[in-house]
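Right after this note come the structures.
Across the two complexes that follow, chain A remains constant while its partner is chain B and subsequently chain C.
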Partner chain A sequence: MRESMRQLIKNPIFKRKETFLALIIIALGTYLSLATTDFLTVANLLDVLVNYSFLGIMSAGMLIVLISGGIDISFTAIATVGQYAMALYIINYGGNLFLAFLIAGVIGVVLGCINGFLIDYLKVPAIIVTIATLNLHYGVLITITKGRWIYGFPEWFRNIPSLFGSGGSGSYALSLPVILLVAVYLFTAFFLNRTTLGRQIYAMGGNQEAAQRLGVNIRKLKIFVYGFMGLVSGIASVIQAQLVQTVAPNAIVGRELDVVAAVVLGGASLAGGTGTVVGTALGVSLIAMMGNGLTLLGISSYWHQVFLGAVIVISVGVTSYSRRRGTQVRRIQVDGE
Partner chain B sequence: MLKAVRKSILQSGSDLKTLALLIVILLIAFGVILPGKFLTTRNFQSMAFQLPELGLLAIAMAVVMLTGGINLSIIATANACGIVIATILTHTVSRDASIAASIGPLLLAVLAGFAVSALIGLINGLFIAYVGVSPILATLGTMTIVEGISVLVTRGRVISGFPELLLTIGNSSVLGIPVSFLIFIIAAWLVTILLERTPFGLAVYMMGSNETATEFSGINVRRVTVLLYGLSGLLCGISSLIMVSRFNSARVGYGASYLLITVLACVLGGLNPDGGFGRIVGLVLGLGVLQMMSSGLNLLGFSAHLTEALWGVIILVILFLRRARGKGLGFGLQPPRRGKEAMQ
Partner chain C sequence: MTRSDLILKLSSISKYYGGVVALDGVDFSLQRGEVHCLVGENGSGKSTLIKIISGVVAPEPGAVIEVDGRRITHHSPRESLERGIQVIYQDLSLFPNLTVAENIEGVQHFNRRGLMNWKQVREAAVRALDKIGVQLDPHALVGDLSIADRQLVAIARALAFDAKLVIMDEPTASLTRSEVDALLKVVRDLSSKGITILFVSHRLDEVLEIAQRVTVLRDGKIVGVYNAEEVDLQSLPKLMTGRAISSEKVPASTKTDQVLLEVRKLSKAENFKEISFTVSRGEILGITGLLGSGRTELALALFGMNRPDSGEILLEGKPLRLSSNRDAIAAGIAYVPEDRISQGLVMPQSVENNISITTITELCGRLGLIDPAAKGREAAQWSENLDIKMADLSAAVNTLSGGNQQRVVLAKWMSIDPKLLILDSPTAGVDVAAKDGIYSLIRGLAERGIAVILISDEADEVLLNSHRVLIMNRGRILEEIDPSKIGVKELNERIHATAN
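After this line comes the complex of A and B, so read on.
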């Protein structure tokens, strides 16, 4: 928390968007705790955290990709490939949790790095390359597996949450998804703010040409950025498989834009160069709270997407409008001098 | 002067040649592998039945891509239009109404549907031009809202039961050519004229190269943007009419897999995703390549998903070839790309 507070104070540009988001979340949280009895309970909040950990973990990778000035559409297919390979291996050959993450993670990193290389080598917008690789990975996976679902995970894979915390079904132990979510966020925040590579990614997203002239190795950086996206996709895919105890090839693909929306809601810009982990966490929290809140308030699930869409439109609208007004004012001032 | 500008913008001859060559290669290859199956009237007719939906959606994507934009809401728009058409029809005429009795309601339904789809497009344009939201985010937002409202209105259910007249649009032929294919060709032709023969079209191409310069040359950039996204929405509506007619039903989520394919089709067809370059005729050839691959592989007994994978491969191969030719994306005049602008 201190880390994030310092960050807020240090970056006046980000200050507004994130403070604004935090205020909305506090307001929404206050309303929900007054309007419903179930919202402000440890059990509910932990449930929400677990349910959205998958989206949250992926959003950390997407944040770095957006900061670098790119976008990744293919990570859902990468996650699915990693998840499928991991499931086949541990069901047929056994293994342990570490191995499960290792398999999905390595596949994610390799496929992600290929994305990064192609994007830099072909000099084509990232969205085009990753749409192509999305089709490629997903098409090959479905062709080979014929779209079969996988069930019947080994016993140890089914009872993971009890490995952590004080055990017992009645207690509110911190489960694996939550721990991993926090770990991924902390690592991403540390990486972006405290390492040279992290700062170089901001520089590249802000102005690639300038970063290159400063001696930043653009190709290496892009391979890293998309490799990291692949890694978190692999991690998230194992979490997702653990939660639902099945692997369905079509469970994750199609949710690309949800993750982008969450990160953009958190203040990252598609133009690159801006975005923070705190903002992303707040963006994901807002989406999670909204979904949970609407359910608790008994509002028909048919309304959920309308609300989500309205929040996205208002959020990007307000951000763009204030940015545009900001630049206009500056332009006038320059003219006046 | 204008002619010279136009000529330089439209020069993508080598790309058209590559695509035409690719089509010839595919024709020969599938003709040899599948004797008596691929090069038949029946196969070409079935391809002509399948192409228009994706084709019209791809044109909807292409027109905004020429300004460097993108429209993620095309599928949501098309389905919303389909739902409007379906709802009006099911409430006004019975399934077995005569042609004379169903022509009025059908016209009303189609006009209302087109109006809704064009309106969604115009809203996109207003967001982008006047609020200053980047196209990808504006259309992501409208996609989510429009889809949400469609789910809310239909409760996710399928709407079906239309008069015969509607079904003939997507399922009948004139002189052996499917009506839907004729609609597609006419739409492609009209859009080509609009883009290549009118001041509006020139403004679109110029905006794709340099929006600020275009604005300073006295063009109302905002107005062009709004109208262009409106056109994109309208094209989704036309596609949706064919979709409703072919599926004999309307529902949220039809054609969802087309969204990203349209982007690939545009790039394959030689459109520059940063805007400013590319022609509809290239897109039509690119769509032809995709459709022939899909039909040929289907006749060979491969799954639709393998086709999708191969589409991905062919795009990457084409991009590699363009890179190897040392022309970046392979367009005559390549504007300098700046990191900031690349994805906006």
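After this line comes the complex of A and C, so read on.
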């Protein structure tokens, strides 16, 4: 029995984080379907999807940042700045949904590009630069706005129509957040796997010096990577504002590490060079399912973080263990054994 | 010889770094399709010359560089690449997170916009691998390959870039003998296809084996260009260093009759089996064998880092229980690992900190705080004893040459006053003169009564420096050899006879 378990774990498919995650998700889903009546309903699952679309969209940006060998802590502040500016504009001057995304997106891209430029120009670790810009952007925003919340969005921003349904509670609708989430994931997957730019980002994350020797423009790539993080942060911030119908300067800041955790859970390495959109989607799904499941089971929300922490440790531990067993140990063929 | 027979022609190349002369009026040329070796000590200007050829560094004004009869004007890496010059650096510049195919061919697409054509990438990669006659799974991750296979991937990539001249910087530094043979075969093959190879290596036996011509550099000047037949293992080191290198055997007199270490039937599954031997005070015991013969695993077992399944280790006649390397150090056993950069040194730290790290707990004053003066004295003493060349004790170890780095590792272990010193490939990657210096150091230690186990796969090194030699194969000791009764060639044959 133990031997067969060991054989099973040695199978290369178990070195793939995605497999392991998918198994956990299936197990957890099965358990929740049996233990609760509400979990396996279309309404509940769509609801979860909408609620976590914000985290999910930002995780696509974080995935690219981690693959490039960097990290971004400042994107929540960037999202907040974009969100605040967007809200002020549409409440005071009106506009439309496209304009709302445009404002938040452009602000996100600009602030993100500044991150990328600083990281490459100063040759300072990304974590330091983005901790600095997190404080900078958030501090300036709080100072100027004095932390005021914003309410009273225009009617068109309150009721955004959904595809294939009315969008009200109880009906099954593909709402805007879900469509955007899927679109962002599809784009990111296509970009990373099929474009030369996407492959250069993998290359830079794997061995930056070698990429440079091949003529890859490192600065341009970094500006792109952090600019993209800014863009998806801007998009996600509009989604979040639409869902809660208020803008609070402190609503998003503080959730940076949730996003990093989801992406790392999905198999991306903080050392750079690895990570897939499928893995990231699974990582976000697992976190979403756990949050939803624990709520349905009536477990206090304080426990959510404990579970999240435990799942990350176990997941990261198992993959690294099976990888080590598979490749690192040197065996010598000993005569007479 | 017509002009176009020269793939590369350099005239009056000089390079100064500040006031330091790296290259001084060098003329250098490569014939199409030849295998040309460039040798010289560290600091002789080899790397500067490579950097100038590859366009990374521009020479001083007045230099003329012609590739394939046409003059280079910009001295940029891109221009060199476009003219078909490919450098395979010692670190190989590969992407461990990408597949073999993408490393070889995918990277070609980096300077284009648009989409990847994965089918084309795969096919071109397989073609490039076929060209050098190797079969590797194009889907395998480069990070999962052996160093030897990665080397082949790097060569295939150079070919995929349509290289006319491939410069290989220390390509064999971390390969086993049979992997080296395979690599040299690929090199010969390329040369027969008209691709020029500039081969830079410290391992002179390989240089002599592969080269058609050899250029020797010393102190930024060309000492001479020789046909391979004109030079041998005795004359090359002399040309490189400008002085005679001693090749005297270690004196038998340092060996005593007092047995220090006795190993009895030591076994560990999938590592080694029934290993028995003794080492006396003042004796140098050579252990040789192919990589994967179990020699490093055995060394780690003696250092408490690889617990054996059965058998006994006796030090001074008393059984030794080693549950960790701390026990080994306490018993007076020191171990200099093969990979000094990742296992032996803290590279960005100072020489002083590196030397004193093994004795730091003894260098504490009252309150258990480190006594900086005592630490400085300790480091100064050992760096003087071992003649370490450095700016001063606060210089970071990564600014030192390979030979001096190895001395720092030795100094660190000497300071614990060991009874037994285990050296795993102590001269890997250091040049001829530095090797000589390390040999005399090891002999000096033996004279002071330290027992030394010298693990190496360089036959001349073990024969020159050991009182007795054990050949290991597949986890067992095959035979014991008296180095005075056997030559380099014969020992190599015996080691390799075990390969099959």
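Quick notes
Following the convention adopted for this analysis, the second predicted complex is superposed on the first by the 295 of 337 C-alpha atoms of A that agree within 3 Å, B and C clash if a C-alpha of one lies under 4 Å from a C-alpha of the other, contacts with A are read in each partner's own complex, and residues count from 1 in each chain.
Simple rule for what comes next: contacts are C-beta pairs under 8 Å (C-beta built on N, C-alpha and C of every residue); 3 or more make two chains touch, one makes a residue touch a chain.
All figures in this text were calculated on a predicted structure; none of them were measured in a lab.
Using the contact criterion defined above for the overlaid structures, shared-chain residue A:T195 touches chain C, although it does not reach chain B.
By the touch criterion defined above, A:G70 lies against chain B but remains apart from chain C after alignment on the C-alpha atoms of chain A. Residue contacts after overlaying the shared chain place A:T274 against chain C, while chain B stays out of touching range. By the touch criterion defined above, A:G205 reaches both chain B and chain C.
Contact with chain B, but none with chain C, is seen for A:V313 once the two complexes are overlaid on the shared chain.
Which of chain B and chain C touches more residues of chain A: that partner is B. In the superposed pair of complexes, A:K220 makes contact with neither chain B nor chain C. Once the two complexes are overlaid on chain A, the chain A residues touched by chain B in the first and by chain C in the second are 205-207, 209, 272-273. Contact residues on chain B toward chain A in their complex (touch as defined above): 70, 72, 127, 131-134, 136-138, 140-149, 151-152, 155-156, 256, 260-261, 263-264, 267, 273-274, 302-303, 305-313, 315-316, 319-320, 323, 328-329, 337-344. Put simply, chain A touches chain C in their complex at residues 193-197, 199-200, 202-203, 205-207, 209-211, 213-216, 272-274, 327, 330-337.
Note for the complex: chain A touches chain B at residues 69-71, 73, 118, 121-129, 131-140, 142-143, 146-147, 204-209, 254, 257, 260-261, 264, 270-273, 302-310, 312-313, 316-317, 320-321, 323-324.
On chain C, the positions that touch chain A within their shared complex are 77-78, 81, 89, 91, 93-98, 102, 106-107, 109-116, 144, 269-273, 292-294, 297, 473-476.
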